[in-house]
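Structure incoming, see below.
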Amino acid sequence: MSRISEATRGVYIISPTPFTDAGELDLDGTDRLVDFFLDKGVDGITILGVLGEAAKLTSGESDAFMKKVLKRVDGRKQVVVGASNPGTDNLVRFAKAAMDAGAAGLMIAPIQGLKHDEQVFGYWAEVLQRLGPDIPVCYQDFPQTTGVVTSVAVLNRLIDSFPNLVMLKHEESPGLPKITALRAASADGTRRRVSILVGNGGLHLPQELRRGADGAMTGFAYPEMLVEVCSRFHAGDAEGAEDLFDVYLPILRHEQQMGFGLAIRKEVLFRRGALRSAAMRHPGPKLSKADHVELDQLMARLERRLAG
Amino acid sequence: MSRISEATRGVYIISPTPFTDAGELDLDGTDRLVDFFLDKGVDGITILGVLGEAAKLTSGESDAFMKKVLKRVDGRKQVVVGASNPGTDNLVRFAKAAMDAGAAGLMIAPIQGLKHDEQVFGYWAEVLQRLGPDIPVCYQDFPQTTGVVTSVAVLNRLIDSFPNLVMLKHEESPGLPKITALRAASADGTRRRVSILVGNGGLHLPQELRRGADGAMTGFAYPEMLVEVCSRFHAGDAEGAEDLFDVYLPILRHEQQMGFGLAIRKEVLFRRGALRSAAMRHPGPKLSKADHVELDQLMARLERRLAG
Amino acid sequence: MSRISEATRGVYIISPTPFTDAGELDLDGTDRLVDFFLDKGVDGITILGVLGEAAKLTSGESDAFMKKVLKRVDGRKQVVVGASNPGTDNLVRFAKAAMDAGAAGLMIAPIQGLKHDEQVFGYWAEVLQRLGPDIPVCYQDFPQTTGVVTSVAVLNRLIDSFPNLVMLKHEESPGLPKITALRAASADGTRRRVSILVGNGGLHLPQELRRGADGAMTGFAYPEMLVEVCSRFHAGDAEGAEDLFDVYLPILRHEQQMGFGLAIRKEVLFRRGALRSAAMRHPGPKLSKADHVELDQLMARLERRLAG
Amino acid sequence: MSRISEATRGVYIISPTPFTDAGELDLDGTDRLVDFFLDKGVDGITILGVLGEAAKLTSGESDAFMKKVLKRVDGRKQVVVGASNPGTDNLVRFAKAAMDAGAAGLMIAPIQGLKHDEQVFGYWAEVLQRLGPDIPVCYQDFPQTTGVVTSVAVLNRLIDSFPNLVMLKHEESPGLPKITALRAASADGTRRRVSILVGNGGLHLPQELRRGADGAMTGFAYPEMLVEVCSRFHAGDAEGAEDLFDVYLPILRHEQQMGFGLAIRKEVLFRRGALRSAAMRHPGPKLSKADHVELDQLMARLERRLAG
């Protein structure tokens, strides 16, 4: 079974969870969404994150959606499963179920309320130890949502202590120096160099790649851009990668509005045929007429740039 | 079926959820805990709140514990069921299941992230409307945990708009003036006077009763004190109520340490025979040897004071 | 004396405060900075904001810098003076001193800790009343720094109650719908239409102008772009405005990193000759070698785009 | 000149700043306040803290009040001066001025926004180094106000690195285990044992003394109780100390309401003749009629308990 590892790179798209207009889990629409992402060339799909509205699902719904995605992907690409949970017992239970079902690894964010280094380390030590050395974990480092700021010192200590911590989903912001510090810490070969995939919609992707990131694990309604940017960069064409990125930057920045942006992203995915409904579950933002008009304009501008 | 209402008063004890030392839900130990509370004379039991570690349970565990408690209580007293949920669809689903199983009402706290008055009102309008007029709701007003501060203006607007909002679990702190303002707002008889039960371990209970609270909905390991204080107060003996309260205040204040206090409370309930294990699920505080010694001293001091 | 008003539009650049490398207030370097901004065509200069590190100045330093800027500008353009203060007595004292010295108006952000609508309104009612009807005020609406979220309802109530509230520095983020809601609220002519200038480095400036903003009051190291974008937009060329904006967007986004971005902005202003030192007072971010290299690249890319 | 040191113990009362009803600094009323505290037997006075509304004073007012207090005390007891400041340059400037004027040491809280251990340590390293080894510092550890949580690891590292860090004003809450951990860290004699004085109104003073605190640095309107409790405890009568404490606990708990409590404290000090006005500067809480009645009752109950 293919697993994420320190060597993982490329684009792992964060997938929304499809709902019907009435708010029901749209299991039937899942295949279409999976196909859309695979068609755009992503290296993997990450489900049940913040964009996936994971907290609004019952345990049973999470389980059903996870299995449905894994079945459709059917091993063609890796699937990372979000397993963050306020309680560690159920985190571990669901995590093991996901791995048994064929997940390539887990994405976990720390619980809210962890303040100083020892608290952050202590939480992860418990989680990583309970999961055991065979389950690879991606650390979602997203203080804007969790309130937990993880120092480079703590990350290095965790990397040194737990071989199953193989990846960082880097989305502290501002966070460019953090990538540099992490890469410096493994530069002499004595410390493991873990995979770093960036989040935040990829708002600083070219800079992050130049500083040592290996790709992106983020939501963005045009995954083909992320794929091509990483591809060009890994082929040595950093400037060409950034040129393409800059074409999409206006709409990317628009999508990357905390909270509100999820509704925009679902709407674009709906317009592009990836979703059968743009609905988010309550509570969540809804687009007004003005929001739709604005999005029309930005999408049209993008098309003109791409055409010309 | 008995339901909570605007006329509800007295003591609704917030119940912990019993776990085994290994962290499993201790369904078998539930009857003992229920019996302890009923034996102390409480008017009701509230389950699946913060003290109940509700966020650390799966949907299935919450359901099983809720039904077990309702079965043991068997209509002798009212049971209020915590139904807070990041997603409204599943909040409503569980809430209706609880009412169908015999709950007397729901305790709900607003989701995190609501900032200004319109956001708070809008959230509740959706929730209260979806629940419908027949399901009585207790508003858990606990900004220390949710980060949501609810103004008196919003509360009054909700009271005026939704007859199923019948009770406030008041635990904004400091919050004494808020009780006075709420009571003033219904003083002339044109606005419904809802039930106000106070939380925060009852740290300011005598003052809160004098300002118009109807009782307490809180955790405290000596519920008999809360019951007797409310009883004396309602019998017109405010000073006698406060005299008794002050005897317990040293240990009450000790238990009322945010977060850490839950572990102390479970330990006292364990020592008093109400729980078969003081264990909290991870993540949660654990008592050290120094913590135990300190608790020994405070419990011994209380016993000496009670002995006269 | 020229004052800001509801009719104010265009670009009010937020000015940093110049320090020497040793951290002393660089009063001698102030003229050069003022000249730079005026040379770029701004409509006004706003001093002593967050970017101006106002909280790190003594009362005496603030006073000296304010007077120095006013003297150099000498009435050619408007100067708005930041007067936010944890205490209202000294806020009013400094505000009046600034107006006496020739300021065109004040920029004030609410104190931290205001939670619900009534608290926000109450704070402003006190401040605006003490200042009196003759001192025009710009409301800095920046919850990312203050923690205070101001609803449209509160803003409208303040606009209706206090004629000296003439301008909103809009930088709640995400915040596009808020502009639309504010403009809708004055659309029928019964409510005053105040000036809205946007902050956040202008990250969404084209969208904000389309929704009804009148310009920008923000820091950005290339003020000439902001000036030209507003100019094109006000001349009816919205698409041309956005075309120019998009050329600068990559570096604008880079500068618009909360906290860290201030150091980048001062560095670019230093490189462009506007500042004699890029130093910020402690505590504040410092650019590393990697940060400098990255900035080199982004500035070079901008120059190529502008050249080509 | 007498300085605070690792050996300091007893009660350092946190002093409010007296204002007139009109909000002017009441320098003339300062002597009376100082005399009140000295008369109650305190070991020192700490000025310009949160209770002292320091953030609402201009640089000039802080300077004047500091000198007035030092002059009245005239070396009879130690005066600790609050020097917290968003900017380090002016922090150091004022700190040195205070020491030159006769202060026994400084009380400093970290700036807001420090998240992980390295950030907290880095801030303090800069501050303590700039102050130099001859200026003794008390670390105000008050995350409820600053948002900065300081780990025991950071405190120990600072103690090991900077001999001028001689005292901790401990008011993280809950915080009892922290005292135990700090004392354990110096138990074997290899690390300096610094002075620990507790804050939070002394809400857990008996428990804190038993765990190794050396006294209290806090505001409380009945300082004579704090003095007597510490005195009994240091004389070996821990139970007698706690007996006395418990008598005052009801009103102490009432005063210890975050934010709101400052107004109550000033009112009690006014009633006891220590202040000529209970006024706080705007913004700040004001007592209503209901608040006054409630305070009447609590003060009367205390008097009855003391009378026996």
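Side notes on the structure shown:
The first chain written gets the first letter, and so on, giving A, B, C and D; residue counts start at 1 in each chain.
In this text, a contact is a pair of C-beta atoms (placed from the backbone, for glycine too) under 8 Å apart; a residue touches a chain by one contact, two chains touch by 3 or more.
Here the structure is a predicted model, which means the values were calculated and not measured.
The minimum number of touch steps separating subunit B from subunit D is 1. Think of subunit B turning onto subunit C: fitted on CA atoms, that turn is 180 degrees, to the nearest 5. Farthest from subunit D, judged by the mean position of CA atoms in each chain, is A.
If you compare A-D with C-D, the chain pair joined by more contacting C-beta pairs is C-D. Once the centre of each chain is set as its mean CA position, subunit A and subunit D turn out to be 46 Å apart.
Each chain gets one centre point, the mean of its Cα atoms, and the points for subunit A and subunit C are 34 Å apart. A straight line joining the Cα centres of subunit C and subunit D is 38 Å long. Multi-chain contact residues of subunit A, defined as those touching 2 or more other chains: 259.
Every residue of subunit A that touches subunit B in the complex is listed here, in rising order: 23, 53, 55-60, 85-90, 93, 111, 113, 123, 126, 259, 281-283. On the side of subunit B, the complex with subunit D involves touching residues 173-174, 176-177, 180, 203-204, 207, 210-211, 239, 242, 246, 249-250, 253-254, 257-261, 288, 290-291, 294, 297-298, 301. On the side of subunit D, the complex with subunit A involves touching residues 115-120, 143, 149-154.
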